[in-house]
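Have a look at the structure that comes next, please.
Labels for the chains are A, B, C and D, by order of writing; each one numbers its residues from 1.
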Amino acid sequence: MASSKQIESILKKNKRNNTTALIPFFTAGYPQLNSFASNLVNISKVGDIVEIGVPFSDPMADGMTIQRSSHQALINGVNLKWIFDQIETVSHQLQAPLVMMSYLNPLLAFGFKALSQRAKEVGIGGFIVPDLPLEESDELRIALENEGLGLIQLITPATPASRMIDLCAASKGFIYAVTMTGITGSDKGLSLKLAKYLNQISNLTELPICAGFGVRSAKDVEIIGQHAVGAIVGSALVEAMEREEDFIGFLKRLR
Amino acid sequence: MASSKQIESILKKNKRNNTTALIPFFTAGYPQLNSFASNLVNISKVGDIVEIGVPFSDPMADGMTIQRSSHQALINGVNLKWIFDQIETVSHQLQAPLVMMSYLNPLLAFGFKALSQRAKEVGIGGFIVPDLPLEESDELRIALENEGLGLIQLITPATPASRMIDLCAASKGFIYAVTMTGITGSDKGLSLKLAKYLNQISNLTELPICAGFGVRSAKDVEIIGQHAVGAIVGSALVEAMEREEDFIGFLKRLR
Amino acid sequence: MALDFSETEKEILYQSVLDNKFPDDMGRFGPFGGRYIPETLVPAFSRLEIGVKKYLNDPQFIESWQNELNEWVGRPTAMTYAKQLSHAWGAEVWLKREDLAHTGAHKINNAIGQALLAKKLGAKQIIAETGAGQHGVASAAACARVGLPCRVYMGAVDIKRQAPNVDRMRQLGAEVCAVKTGDQTLRAAIDEAMRNWVSDPADIYYIIGSAVGPHPYPFLVREFQSVIGREARKQIVTQAGGLPNAIFACVGGGSNAIGLFHSFLGDREVELIGVEAGGHGPDLGQNAATLATGTPGVLQGAYTMILQNHDGQVQETHSVSAGLDYSGVGPEHALLQSIGRVDYESATDTEALLALSELCKAEGILTALETAHAFAAAKKWASNNPGKRLLIGNSGRGDKDMITLSAHMKG
Amino acid sequence: MALDFSETEKEILYQSVLDNKFPDDMGRFGPFGGRYIPETLVPAFSRLEIGVKKYLNDPQFIESWQNELNEWVGRPTAMTYAKQLSHAWGAEVWLKREDLAHTGAHKINNAIGQALLAKKLGAKQIIAETGAGQHGVASAAACARVGLPCRVYMGAVDIKRQAPNVDRMRQLGAEVCAVKTGDQTLRAAIDEAMRNWVSDPADIYYIIGSAVGPHPYPFLVREFQSVIGREARKQIVTQAGGLPNAIFACVGGGSNAIGLFHSFLGDREVELIGVEAGGHGPDLGQNAATLATGTPGVLQGAYTMILQNHDGQVQETHSVSAGLDYSGVGPEHALLQSIGRVDYESATDTEALLALSELCKAEGILTALETAHAFAAAKKWASNNPGKRLLIGNSGRGDKDMITLSAHMKG
C-alpha cells in the first residue's frame, strides 16, 4: 500500500543522494492487455516511481503518441476496474510506488470514494488529473487524502507566481512541473529559461519537483536533474513500445 | 422575278382547281452546302411554292428538327448573301416561286432595302418572319412592298378574332395558319377543331390560306386540303434529308 | 457600338428617362426594346401586359410583394462599410448586400414578384431559365412559396459548372431540364423556355430572370429589382452621410444593375458604371461584354445591343461566370449607354477572380463570380479617384461558384 | 438522465435563472458547468474571463458588435410566417430566419462577437473547431473581417460530408486542419483545438462554436446568441400579435437554442422544446441525443450531460447532420432540463430528412439538416396542439448539406 508520503520520501531520498529520480509513464493496456502486468513489474524495476496512464476517449491535453496509445488501449477494452485488478495481481512484485494519470471523467464514473479506496489497496500513492484545475479539485482531493493519497498538482511556465504558491500548497507527493511543448534540453537558451522556472518553483515549496518534457536521452535526464528531483519519461517510452523495441533497455540507458 | 401577287395567284389557281398546294420547307445549306442549289431545283419541281429557311443561331420558335438543321447549316457556313447567290445560279431552272422564312436579326443585318431588292432579283415573292409580330413589322413590310414583295403573316389558334382581321389585312401572298404543336391530322376530334379554326380565317379574308402542322402523309395533306389551299411540309422533309432518304419521292407521295 | 445621338438628342432622351416615359407604349426605351415574339405568344403577352399594368399599380398586390420581401426574402438587405477594402483601395467603399437575400442573390426580388403575379394571372405551371442557377433556385423557391409547380431550363454546360444549384432546385421541388442545343448556356436556355411556352401559352407563366426579353419583361424585372436602389439610396445617405460618387454593378442581362441604378438616375453627380464580363479578352467570342463591344440587333424578343457577326448571327460568349455569360443585354441599358448616363466597362476572368479573392480576405464576404467583376472595375476606379465614396452592388454570394473557384485555387 | 431535484429545488433554481444568477462565480449553472481545463490554459482562461467581464459590459464594445451585426451580418434576420406549412400542420407556424444571416447560420453572431473580443484582447492567431463547417466558415469570415489569421480544426469525417464548406473556409483565407483522431468529428476537432491552444496560450484565441466548453464560453456564446431571441420576441409580438405557445430549436452544443430561448425563459406559458439528433434510434452510439439519453459527466471542460459508457468513456455519436453529431451539450441546457423549464426531445435522421423536404416544398426554404430536426419535432407537437402558435428557430441554410441530401434523394 502506497501513500503520498511514501512517494514524497522516495523522491526526497533521491534529492539527498543527489540522484535524479526516473519516472516512466505508460498507458495501461497498451500495446496489449496481457502484457500490462508484466510490463509494469519490469518498468518498476528501473523507475523510481511509475506513472500509469488511464486511457480516455478525449485526451485533450496529450500529444499524438499518448493519444494513439490511449485510443488503442480503449479498443483493447481497458477500463479502470481492470487496471486496478491487474495491478493487484502483481502488486507484491512491484519495486516502485505508483501514481496514476487520468482525466477526470473516468474517475467520476468510478466514484471518488471507491476510487480512493481501491487505489490505496493496489498501491497507488497519488493522482495526476490533467483536466482538473485547483479550483475544481476539492472534492477529489479530500476523497484521496482521506485515504492518505494525494492529488499531484501541475505547474506550467505560464503559471503566475501567486498561483504557484497555491498549487504547491495543495499538492501532495510531488509537484509536476509541466514544460511547454517544443522546449528541449538540448537548446541552451531554453534550458536557461527552464532552470529559472524550476528554481522558481523550488523556492516556493519543500515538495520534490518532477519535470517532464520529451525526455529522450540520458543527456535530457541530466539537464533536468540539475534543477529538479525527478524526470518523467512519457512519449519516448510509449514510442519505444510502439516500435516494439527493448523499452526496458531504453529506460536503463537514461540513467 | 417573283412577287406576292404571283404567289397569291398560284394558290388561287389551286383553289379554283380544287387541288391542294404543296409547300415544301427546307433549311438552306442543309445537309451540305453544295447540294442546296440542286435540291432547290428538284424540290421546286414537286412543290407549288418552295419555302427556304434561313438558319439562325437562336431559332426560338422552331422544333428540334429545324433547330438541328439550322445549327448544321450555320456550321457549314451559310449566310444570307450566299443563299441569294446560290438561288440566283439556278433561278432559271426553278419551277415554283419561292418564299423565305427567316428570323428578324439576319434580315436586319442585311438591311431591309438591300434585302428586298436582292430577294426580288433572285425570285423570292414573300417573307415569313416568325419573331416579327404585326406591331413591329411596318418597316420591313414597307421595304418589301416597295419591291412588290410581301410579308406573310402568321395566325395561330390562340389569335383573337379581332387580331385575325388585322393580320389578314396586313398579309400578302397568303396567310400562314400555324397550328399548335401536338395537333396531328389523324386525331378526329382535333381535326374538327382545326376545321373550325381554318374556316374562321377563310371567312375573314380573300387571301389563300396555307397550313402546316407536322404533315407527314398524303392523308394529312388531304385533311388540310379540305379547309385550306396549301399544306406546308417542314420537319418531315428535313427529317427525310437528315436520314438521307429519297426526299423527292417522299414529297411526291404526299400528293 | 452604341447608337450615335447628338448631345441634344441625348439630353431629350435623358429627360424622358427622368420623366418615367420609358418604356413607351411600344415597350421601347428610346430606340431599344419592343416585343419581337412568335405570333403564338402574342395573346399571352397581351394578357401579361394587362396584368402587369393592373397589378403593379395595385397597392394590395405591391403590399403582398413587399410583405414577402420583408418576411421571407429578408429585406431590407444590409449596407456594409468595407473598412479594410477602403483602406486598401484608398477610397470609401460601401456594399449593398444582395448576397444576404434569401437564396443568395438579388434574383429572388424578381422571382417572388413574378411568382405572385403568375398566381394572380391564374397560371398553372411556371417555367424559368437559368444561367448561374441563381434565378433557377430563386424561381424554384418562389414557386414553392406561392404553391405553383416550376420547371427550369438550364444549359448543359451551366449544369456542370453550377452543380450545387441544380441540386438545390430539385430539392425545392423544381424540375430541371438540361438544354443541349446552341451554346448550352443561358441564351440556349431562354430559347428553350420560349419554345416551351409556345406549347401552352395559356397555362404557362414564364418567369424571366433578367431585365431582358420582350416587353413588358424588361420593365417588370426593373420594377421588381428597383427595391435594391431604393433601399441603397436611403441607407447610404443615413450610414455614410451622403450619396456616393460612383456606383458599380455587374451586368449580365442587367437586372441587378438596373435595380441598383434606377433610384440614382436623376443624381447627375453620381457616376454609374455597369461592368460586363471581359472573359479572356476583347475579341468576339472571348467575352460577354455586350455593351462594350456589341452592336444593335434583335435577340430573344428585344432590339438591344448584342454580340453578333456581320450576318446577324448571335455569337457564343465566354465568361468564367455563368450568370454573365450572355450575348444580349437589357434594352434599358442600351439606352442608358447611348445617352451617356451609364458607363459600361468590362473586367476579365482573371481580374474577377483576383477581386473575389481580395474581397474574401479583406471583408470575409465570399461574393459571386458575377459580382466580382464589379469589384475589379471599382478597384481601378478607386485608384484614379482617391478618397471618393463608392457603392458596389454585391449582387450575390459565391457559394455556388466553389467548384470553379476550387479548380482555380488548385491552379 | 437529468439530475433529480425536488419541486422546491427546481423552483429555487428557476428563480435564480430568472434573476440572472447563472453562471455563478465558479462558472456554474446550478450544478452544471465549471471549468475543467489543463493548468497550461488557466492563465489564458483568467485573461479571457476578465476580458469577457470587461467588454461585455462595455457599451462601446457592444455597440461595435451590434454594428457588425446590423451592417455586416444583416441583422435583424427576418421572421417568416409559414403559410403553407401552417395550413398543412393545422397550426400557426413562424420561423426565425437565421439562415439569412451572413455565411448562412446563427453561428456568425457568436463568431463575429468573439473575433472582435479576440482583437481587443490582443490575440495574434485565431483557432476554431467546426462540425458542419458552419462555425468554421463563420469564424473564417469573422477573422477576415477583423483582420486576424484563422485556423480551423475539422474532423476528417466531417470534411468529407461538408466539402463545400471546407472550400469556403479556404477561400476566406483560413487554414483548415483535418483531425484524424478519435471519432474524426466535432468532438475530436474540439480536443484538437484545445491541444493546439495549449501550445501557445498567450497569443492564440480559441473561438468556440457552441455554448459548450469551460466557463466563460457557455456564457459568452449565450450572450452573443441571445440576439436571436431578443429580435424574435419583438418580431413575433408585432407580426403575430402575441407570444408563441411553443418554441422549437435544434440542439447540438445548444447555441442557437439557448440564444432563441433565453428571452423567453421568463414566459412560463411558453413551452420551450430543444430537439436533439435521434440518429438511427435510441441506443447508445446510434444518436446524439445527449440530454434525452445521456448522464452527467465532464467533457471538454464542463460538467454537463454527456453520452458515455459506465466507465466514463465518451461515446461516439451518430447523426446525419454533422452539426448535431456531438456527445456533449451546453451546461445551461443541462440545468434547464433538470429544472423542467425546457423539454428536450429528439428526431431521427429519417424524420429530419422528411421534414427538410416538406419545408422546402411548402415554403421554398432549404433549411440545414441540423435545423430540420426542430421541424420534425414541431410537426408532431402541432398535430397534438391544433390551432396553436409555434415558433421554430431556423438556425441555418441547407446549401452545405447538398452532398448528403443528393445522396439521399438518389436513394
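What we mean here is this: a residue touches a chain if its C-beta (ideal position, glycine included) is under 8 Å from a C-beta of that chain, and two chains touch if they have at least 3 such contacts.
All values derive from a computational prediction rather than experimental measurement.
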| item | value |
| --- | --- |
| Target subunit C, source subunit A, minimum contact steps | 2 |
| Chain whose mean Cα position lies farthest from subunit D | B |
| Cα-centroid distance, subunit B relative to subunit C, in whole angstrom | 37 |
| Centroid distance [mean C-alpha coordinates] between subunit D and subunit B, Å | 67 |
| Residue numbers of subunit C (touch at least two other chains) | none |
| Junction residues of subunit A - those touching two or more other chains | none |
| Chain-level touch network, classified as line, ring, star, complete or other | line |
| Chain-chain contacts as defined at top | A-D, B-C, C-D |
| Subunit B - residues contacting subunit C, complex | 56-64, 67, 71, 74, 79-81, 103-110, 130-133, 135-136, 153-156, 158-160, 163, 167, 178, 180-182 |
| Residue ranges of subunit C in contact with subunit B within the complex | 26, 34-40, 42-44, 181-182, 187, 191, 194-195, 198-199, 201-202, 297-301, 306, 308, 310-315 |
| Subunit D residues within the subunit C interface of the complex | 70-74, 77-81, 84, 97, 99-102, 104, 140-145, 147, 164, 167-168, 170-173, 239, 357, 360-366, 398-399, 402, 405-406, 409 |
